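In the two assemblies presented below, chain A is common to both, partnered first by chain B and then by chain C.
After this line comes the complex of A and B, so read on.
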């Protein structure tokens, strides 16, 4: 019985395919990252850690890490929380939920490319609807609300809105300005991601047995907050784990908005990793440095995966 | 105190009327069972008492206070759900603590970490621990306290659900078919445990079940509901012996009561098959249903004007009793007769038998299904 080799024949195709398609490219990228190989070259030299050394010392790559980190740290929590809130609000609606679901899910279904172009128009510094909306609101209610004049410590002469109005409608150039570009890109990222999270949370919410809420009510959980703490949040644990993982990986992979809207600029403030890989390895044909960035990229994803697997999963009840 | 009064309760979901003008008074410390076939509205009635469902009209009074506008969490009732509805992510101990924590701790003390700085929290925590320990000892679940509900068997979960209801010492317990997810042996065992628990707690129990055996064995009074109507509310013995209508008689008792078609003549003499009853019906000149329970029929060797004969179609041996499913000779009825094993062991399927009834046990019902009394004369 135990001498039979049949099992090898059963698993071999899967193993071979996995090695060729998944594992080998990974090691290839790893290998290339230690050389100076460029696509098309006939020879290459081993350069050791030089590519990595560049990455962590050259300003461009440090900016790359910053841009990626900012994007992930901003987009993941906000889109997850917004997704959960939207799902709970929709879940409590008696009618009209389908319309909202469709609207919120639209950015997920639409081609990001087309959407990015629409955003580009919207955010255009002089022709865009956003800035003309702001310019028309000078001295009005829009200025009061968006300039935060309703906050007691904001001086109505000194707020960003008032200053922009006073300086000949000098509103932000959104995507073309160092201090706003990454946040604008983040905003578009959130806009795009939260609909997907909402749908996942909606599915999670429908699987919570209604009797648990009734039990919570009988036990004396009076406020919505108490019921959320006692039932909704713990029961959504597996969903949250999934949503956070998926969103993190997707935000790490952000590329199309950057390519269309900013090309990594201005002055590399939106130079995220995926775009850097594309720019180095494909556009500039610097395969080895592209490979090095890829390895670091995979490293980040692996660290996150392990963190999720061994730290967060222990706290989630299935 | 724990009295519950339901006054003219009606409930409809859209155009479907589920409960029809029900009036029930539940006494303090009583074990009242709401029993009926599924879909009769008994669970809805329980949920109306709990406050999880709002009645369309009528009043719910708990301890003589109208609680129509009081929400479920403030009615001070505890409920055991059919699915137990334990919090799957919390240990058994935390499940038991939850109702106490929500009631005893104030909002600040329930906050994580900083809540521990409240000076009164330590004392409260101790009293909660004591209550949880006491309850778990009563229910013999002390060794399960650190497990999660997913690691428990059905019976253990059932106890934990009971425990979560008990810790708080509520005005009354509401139980929605708590035994229906257990296997048959455990269900019979839990019946006696629940009765004992009721005796020791002396709190009002309102118990919903579709199983008439549970209702008969445990309750101090049972309310039989069919199609949203309360048909009879009385002690189990009285409901069994003196059902108010044909539906109640057919629902209560297992195996089912035997129904014969018969007539009452102008003098009130009731006859069915070839048998005449000695007692006279109070309604004369009418068709009647005569109900006789299986244990009030006997298999006999005699053959006279008080017996009728039939063929045994099926012999159901339960060990202590044997039930014979008998086809009556004129083909109109299939009836069930109880026989003692030692007297009837030689009777097998297909034998023909004579059946005698025990006198004074027949029940009469008119065409509308209502009970007809015998005259005293």
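After this line comes the complex of A and C, so read on.
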């Protein structure tokens, strides 16, 4: 056994940095959120829960919670399910899986901000290929498929597609319209996230022993769906839990697409928390309210992670 | 049976190809716009690369260049003019400086700590480790505001330090390297001690070389995250163009969206985005491994 004090020098920098950079700011945010402090002020007063009161009662912040919740509730399940579907499809392919894997992973890699701008142009009402693709499809197969005319209850004169065609190609201004902006941002979020989940699921799938499928088949689970229900899904339990948690945490932190594309608008429909913190605290210099949002935000994330680690983790391990 | 399987395979490819087209749409749009002329962009014509007719570009002439200089093919013009208008190499340089500094400091801090947590026995080790585990829960973006207040009080806004400091501690790096060091046999370290090596030498000459694969994955994880990060630079760099990282540069180009020159704007965005994508395509396996590292938690 060695007898040196080396360990002090080894751990000291890490401990000091952890305290200054990670732990102290938690308390600082908590402290500021009970004051009326704004950056640059020399003094401040304690105001108790006033900032929190504003947050849960003022319209802007209620909208913020709605926008954040909508974004998370839409993006997480869809990107997880898409990731799983993509992984299972790729896993069952005879050839070409690597190419798809590369393509689906590209959005994870690419600078999100740049891709957001690329999407902005792709969805641009006059310059974008999406709307020109739609406009050129009026009266054709595209209208039939994307206008949902194949559903028995959709009237082919009244579908959104037919109406837009009839009104001089009045297709949505995806990112500028109150009723489409949040869904468009969600779509970009899903586009960006699902490849990451796919890769994690692919790793999860390879760790399932083949014998389990043979055993399931002997027990009478012949169809793909039955095998999925009996073997794949339960065996992927830990992966799913992890994928859901990490996607939720990342989704909560959405900022880039919002800042560059919608600035929280139109009428605060995409006003997510990270953007609110940035706008209030940095642009409008309302540090204390920004701190209150920060505290709630961190609270959400900590609760989520604890939930994963200590409550569910015990149940999904086989 | 055979035929049925082929049909099944065909369906799968059909679905995946549609998915791939949707995924590739913005990439296509980005590259296409960076190559085409303004007229072709506005009329959505010319396919991927446009007609590439040599022409004189009015905006370029207005900026003060001679007509001769401004006569060229659209793709040449877009990329040439992008570099003329913005200090793109500077942005890329800043990206390299910031990401490398962050990574190097992260390793300098994390490696000795991970070694101590994995291989040295000392009073309070469990406490330090549980502190690491707790800090793993804190998303640095989430505490950006208090960090910003601290940096502002220290007068560090608009400096390289502001870009680098908050990321110098990677608790994930400590955790990862500790897990890795646990698998290194004690005999290796004992032998090194017998040879008279000090603890410092052991960390850098014995442990570091064994950790190269894990370190490489961590490098990719760290570099990709900070190269692409937009939120933090946006917070702490307010106006100084000399400190712009690639994403801030992109944002600046985007300012030109209301002007009538989309080609050069997209060209600059492509230039800034491409290095990482090329690196990814060359070393896919490593990248996927590195970026999904968090999957090991």
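Keep in mind that, in the parts below, the second predicted complex is superposed on the first by the 294 of 318 C-alpha atoms of A that agree within 3 Å, B and C clash if a C-alpha of one lies under 4 Å from a C-alpha of the other, contacts with A are read in each partner's own complex, and residues count from 1 in each chain.
Keep this in mind: a contact is a pair of C-beta atoms (placed from the backbone, for glycine too) under 8 Å apart; a residue touches a chain by one contact, two chains touch by 3 or more.
Quantities reported herein were computed from a predicted structural model and do not represent experimental measurements.
Chemist: Fit or clash for chain B plus chain C once both are placed on chain A?
Modeler: fit
Chemist: Quick check on the superposed pair: does A:76 touch chain B, chain C, both, or neither? Answer first, second, both or neither.
Modeler: neither
Chemist: Where does A:234 make contact in the superposed view: on chain B (first), on chain C (second), on both, or on neither?
Modeler: first
Chemist: Taking the superposition on A as described, I'd like to know which of chain B and chain C A:118 touches: first, second, both or neither.
Modeler: second
Chemist: For A:222, decide between first (touching chain B), second (touching chain C), both and neither.
Modeler: Once the two structures are laid over each other on A, A:222 reaches chain B alone.
Chemist: Quick one: is A:105 in contact with chain B, with chain C, with both, or with neither? Answer first, second, both or neither.
Modeler: Second partner only, chain C.
Chemist: For A:65, using the defined touch cut-off, is the partner it touches chain B, chain C, both, or neither? Pick first, second, both or neither.
Modeler: Touch partners of A:65: none, neither chain B nor chain C.
Chemist: For A:209, using the defined touch cut-off, is the partner it touches chain B, chain C, both, or neither? Pick first, second, both or neither.
Modeler: first
Chemist: Is A:162 contacted by the first partner chain B, the second partner chain C, both or neither?
Modeler: Neither chain B nor chain C is touched by A:162.
Chemist: Looking at chain A, does chain B or chain C touch a larger number of its residues?
Modeler: Residues of chain A touched, chain B against chain C: more for C.
Chemist: Looking at A:28, would you say it contacts chain B, chain C, both, or neither? Reply first, second, both or neither.
Modeler: In the superposed model, A:28 contacts chain C only, not chain B.
Chemist: Just to confirm the geometry: in the superposition, how small does the C-alpha gap between chain B and chain C get, in angstrom?
Modeler: 10
Chemist: Within their complex, state which residues of chain B touch chain A.
Modeler: Residues in contact with chain A: 50, 52, 71-74, 77-79, 81-83, 85-90, 98-99, 102-103, 148, 164, 168.
Chemist: Taking the touch rule as given, give the residues of chain A at its contact with chain B in the complex, in rising order.
Modeler: 209, 211-212, 214-215, 217-222, 226, 230-231, 234-235, 237, 317
Chemist: How about chain C: which of its residues touch chain A in the complex?
Modeler: My answer: residues 9, 12-13, 15-16, 19-20, 22-30, 33, 41-42, 44, 108-110, 112-113, 115-117, 120-122, 128, 131-132, 135, 137-150, 152, 165-166, 168-169, 171, 174, 193, 198-200, 203, 224, 227-228, 230-231, 234-235, 246-247, 250-251, 254, 257, 262, 266, 269, 272-273, 276-277, 280-281, 284, 287-288, 291-292, 294-295, 297.
Chemist: Which residues of chain A touch chain C in their complex?
Modeler: Those residues of chain A that touch chain C are 1-2, 4, 6-7, 9-11, 13-15, 17-18, 21-26, 28-29, 32, 39, 86, 89-90, 92-94, 96, 100-115, 117-122, 126-130, 132, 191, 195-196, 199-200, 203, 242, 246, 249, 253, 255-256, 259-260, 274, 277-278, 281-282, 287, 290-291, 294, 297-298, 301-302, 305-306.
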